[in-house]
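Here come two complexes built around chain A, the first alongside chain B, the second alongside chain C.
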Partner chain A sequence: MDTIIIDGLSFALPLFIMAIGGIYSEKSGITNLALEGFQGFGAFIGAMSAVLIANASGAAIEDMFYVALLFAMIGGMGFSIIHAVLSIKFKANQVISGVVINILALALTTFLTTQINALVFGAASDKFRLGVSERFTIDGLANIPVIGAVFTNVYPFQVIIIVIAIFAWYVLYKTKFGLRLRASGENPQSVDAAGVSVSKIRFSAVLISGLLSGLAGMCFAYSISAQFSSGIYMGYGFLAIAALIFGNWRILPTLGACLLFGFAKSGGMFIAQSMALPSSFTDLFMILPYVVTLLLLIFFSKSNRAPRALGEIYDKGKR
Partner chain B sequence: MSKDKKKTSLRYRLIWPLRNEKWQPISIPVASILVSFIAAAIIILLLGKNPFQAFYNLFQGAGILPKPTYAGYKSMLTDFLQLLNAMTPMVFASLAVAVALRAGLFNIGVSGQMLASGFLATIIVGYSGLDAFIAKPLVLLVGMVAGGLMGGLVGWLKYKFNIHEVVTTIMLNYISQYVISFFIHMYYIDPISRQSKYITEAARLTLVNVEIANMKMNIPLGFILAIAIAVFIKFLMDKTVVGFEIKAVGSNRNAAKYTGIKVGSNTVLAMVISGGLAGLAGVTYYLGYFGSIQPKVLTNIGFDSIAVALLGNAHPVGIIFSSFLISIIDQGSTYMSSQAGIRQEIASVIIGLILLFSACSAYVKYKVSRLKDKEVDRKDSES
Partner chain C sequence: MMSDYIVEMKHITKRFPGIVANDDVSIGIKKGEIFALLGENGAGKSTLMSILCGMYEPDEGEIYIRGEKVQISSPNHAANLNIGMVHQHFKLVEDYTITENIILGVEPISKFAGLFPYVGIRNANRKIEELSKNFGLEVDPTKRIADLTVSMQQRVEILKVLYREAEILIFDEPTAVLTPQEIDFLLGIIEGLRNSGKTIILITHKLEEIKKVADRCAVLNKGKLIDVLDVKTTSTNLMAQLMIGREVSFESEKAPAQFKEEVLKVEQLTVKNEDGFEVVKDVSFTIRSGEIFAIAGVADNGQVEIADAIAGLVKASGGNIFLNGQDITNDSIRNRTESGISYVPEDRQRFGLFLDFDVATNLASKQYYKEPFSNKGILNKQEFDQFGSQLIDKYDIRSGQGIKTQVRSMSGGNQQKAIIAREIELQSPLMIFVQPTRGVDIGAIENIHKMIIEQRDQGKAILLVSLELDEIMNVADTIGVIYNGQFQKIASSESLTTNEVGEYMMGAKHE
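Moving on to the complex of A and B:
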């Protein structure tokens, strides 16, 4: 039971922070299928900086976690500028821009990873080894039955994510910026009429989504996969998009969706392991999160409604 | 003043193909391809290699230009047919994306639909030992029906329960990936290659190692079908009521509803067609190009095809050309990397750049039309 909660949380929280990024972007009216590319590219920049700095300073790669996290956020944000420029300034189709960015991220990062490995380390390798970040347990709280598992074997990034998530929630729903951001996804003309630049708001929203996705990508790289390789493109970005649509473009229901994914995933793994089935049966249990989501969507998506101006290129003259 | 005029007229002539609206559907993709090849050339130069040599090798590897030497039983034609072989599923997959796009739907699940139909065709026909004349059409039929049903399910869920098609297709991608991996591991695994067992020659859509004039070559039968289907889709979308209704739903759901077009059934229909095409992509990929299925892996074709469809303006004829180009880069990359000593991954970077620049086409159109307006303004003020 404990392992379900521990593993579930460590998967659900990075997914959640990526979905929040997606919510910011989509609430401002920019469709964002590029989350997958953002998280991969962010993780690449983070992993590359960690490996290079560790190589230069001789520190252990596991200790570079916070450095990597910082660079991953910068990297994800930098990469998201492409999506912002394409879909806001260049008026490109946002879905296509997103897909193209995913393709480009995969191509660029695999190419650069092999290049850097060959140039700096003289090794023919297509991955950066990172290891797993250390975990901690809060002693008193961990002894509470059931809930105690939440405080056992926690990755430090989980705390960071929760703090950022609360802050993101506050900004989106309680500040002037958040109000304007949500308004530019529903009725951009009204935002413009109030004397605020729709393009600027949307631009910053996309950058925020890149930043948060970079963070999420680095968390995956330092926990589940323990390395950076093209294996980071497991489709978690798309899963985050599914979660935010499932959560009806609102932060708290999206958290629910992410937790559902996380627990269904770790629960499926747990069942498969505890029944001592051959390894091919784990594949069958891996579909649990996706089947559960589809079934739940059948009951809950009647009232789902995307932001009204989502995916539309802002046209000042339009009434 | 005259010098200034000369300068503008030169600039004018250079961008003329971009300005002419009749030529824009062709000139803008061509321009983006040129720009991305220049960008790629710069990257290759930075690596200290000769870009022209690299591009030349790229075309050699794809069978467009002759290589200096060939292994036994091989020639340029072998390479070229292999290129067509690889291109076939790309054409089908891009057509699948394009049809859905016309209806205002995003079929991200082409990969999953390909895998499911390829798998079903493999286990129903691929291992059956049927005669070639029955097996090959049957493979196509199974692929089309399986893909169509899966696409139809997506459309039906969208229409009946308002589930966003992006979510459904992503979920179905994962589900088909894992479920099929399970069945392959349980029943159809080849313990040596760690893939599903090879299908019988009779069921394969590519004739493998056919000897013609002392050459061994793979003849992709699906390619002819792909061209025929592309023409058919063009006819369907441009000349029939079905196509008109699908496009009407895609451009404005509400307007379509008020004119009496059934939005729901057209959504489902568009997804059935799209899924069916994806199914054809699946069988030509798994039962044509490969002959077996690697468990737990979704092909990138499903995602690349979204961008390929865009590069071809979501137009069937454009798609044939764009998938031809992308396949050349894909196929030629191995030879290029062995000859020029450049990493193979650069090929996907070039593809990514082409797609990136072509995504800017709307902006180019807008900029160019602005230039035109300015010109008109200036002429007005002069006269």
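Moving on to the complex of A and C:
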């Protein structure tokens, strides 16, 4: 039971922060299917930086976690510029742009990983080994039955994510930037008429989604996979999109959806392990979150309301 | 020489590809007056005011505000010069409250714990409530836009401009969406604003509004300034002549109606919308040959659904529809067309035309499957073209490249003419017109009214749905006033005054 909660949380929270990135982008009116690519590319930049710096300074790769996190956010944000420029400046179709960016990220990072490994380490490997970030337990609280698991074996990034999430909520609902951002996704003409640049708002919203996705990707790489490889493109980005849609583009309900996915995944793993099935069967249980997605679709599709101007190209001249 | 004008636009010329929207226009507006801009669609009024608002830059000419020469480069700049525009198409976020909409872009910031800035909604609520009371525009600032009526939404637009401390207010066709009572209220507000020292520019093509409130009026025609008139000493007839460039008759000439046999009979019709809500409730009426039956009402009271149900675009959830005694309630749209219904839809671009097809194809689009247009499923292009040419001549449809013109490139009035031509050619005993003159200019309106009356005189039964009360009073033989999906009153047009109809439209008068 404890493992389900511990593993579920450590998966759900990165998913959650990525979904918040998606909420920012979509609330501003830009459809964002590129979360998957952003998190992968961000993780790649983070992992690469960590490996290279560790190599140069002789430090242990596990201690490079915060450095990697910083670079991952920068990397994710940098990569998201492509989506922002394509869909805002060049008014490209946002769905196509997103899909292409995902494919590009996979191809590019796989290629670069092999090249860098060959060049720097002389080994033809397609992954960067990272290990697992250290974890901590809050002694007193961890002894509470059931809930104690929440405070056991916690990754530091989980705390970081919760702090950022609260901040993200505050910015989106309490500041003028948030007010303008949400208006851009509902009726960009009104924002324009108020003398505010819709393009700038949407641009920054997409960059924020890149930044948060990069953060999420790095957390995945330093926890469940313990490395960076093409295995990072497991569809978590799409799961985040599903979560934010089930959450009706609102932050708190999205957390609920992420937790559900997290527990579905860790629960599936737990069942597979406790039944001592061969590893090929564990893969079968890994699909549980996606099955849950399909089931949820049936119930949530009707009542949800997307931002009104989502995916619409904003043309200033149009009346 | 010091001028007493607050706004002066001198020799303004603005060209768009292929058209001169403003041609050497010079106007001066005095502080504290209501200055009207009169002109047909495409006369250049909106372009001129867009220049004043910083949305376009003029190609030639100068602008002086309070005697100082300025170059207005953006709407923000215009706002800094205390110029504000109340847009015709509201620019509001439906999901936001009134306050959130008004402060968007100029948000007042408070600090939480002296550190975290946040938008001070509560203070803004108070300020807006005060502002709205001062100008007689009472609103509840915490209400969402989606829950407001159109006239309330317009109040929000006005408050938005006032909140930004505008001194010069431009109203772009403000009455187009309002009922007669709401128009009176709005004109009152506009006068109140003038009396409190604001300068008002009123863009409109409705003469009676100008006569009611404006002090002076500039008439534009095809981009040129025709004249600036003193409203008190000028007759509406003269204004209309200047605006159109020729004489017009406001009252359509109409022979007395000759009703014959019953063509359409609607019995206890009920229509539900997508949410399962009854938008038409138990409605019954009949239309006879030679009769124009008009449905009057404020938008979204079920009138369009009645027309759509008869034409077959939506399903009736209850009741029966008879055409020439035959029950067509469950017929397909094509069957209804074949048994004799012509339909001019409200949204001509979405439902009336294939915008990217040429005129000839559009004109034949309700008969293409029949001889002579097609033979065993193969289209006969020659017949299309011949038919198209005929109709273009007969109905005076103006198109750049004849039958080959893409419909998208034609003016709204000519698009509408093409639809009406196509529908008349079907020779249906029942013709349905939904908002037939929406967005077309006065010259074309006159023309369309004439065509409708002509069809009546040829013995057609006509159902007219319109939001324009003038149109209904002018054209209809029988008026049914709808409110909330039910007829408040059905009576002959002679027995009703405009004001009475207006009251029924608001649901005020019950019998």
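Following the convention adopted for this analysis, the second predicted complex is superposed on the first by the 310 of 319 C-alpha atoms of A that agree within 3 Å, B and C clash if a C-alpha of one lies under 4 Å from a C-alpha of the other, contacts with A are read in each partner's own complex, and residues count from 1 in each chain.
Quick note on the criterion: a residue touches a chain if its C-beta (ideal position, glycine included) is under 8 Å from a C-beta of that chain, and two chains touch if they have at least 3 such contacts.
These figures come from a predicted structure and were not determined experimentally.
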item: First (chain B), second (chain C), both or neither touched by A:187; value: second
item: Which superposed partner A:304 touches (first chain B, second chain C, both, neither); value: first
item: Chain B versus chain C as contact partner of A:251, first or second or both or neither; value: neither
item: Contacts of A:17 with chain B and chain C, given as first, second, both or neither; value: neither
item: Chain B or chain C, by number of chain A residues touched; value: B
item: Contacting residues of chain C [partner chain A, same complex]; value: 74-76, 79, 87, 89, 91-96, 100-101, 103-107, 109, 116-119
item: Interface residues, chain A side, partner chain B - complex; value: 33, 82, 86, 89-93, 95-97, 99-104, 106-108, 110-111, 114-115, 235, 238-239, 241-242, 245-246, 280-281, 283-284, 286-287, 290-291, 293-294, 297-298, 301-302, 304, 306
item: Complex contacts: residues of chain A adjacent to chain C; value: 170, 174-176, 179-180, 182-183, 186-187, 189-196, 308, 319
item: Residue ranges of chain B in contact with chain A within the complex; value: 47, 106, 108, 157, 161-164, 166-168, 170-175, 178-179, 181-182, 185-186, 296, 300, 303-304, 306-307, 310, 343, 345-346, 348-349, 351-353, 355-356, 359-363, 366
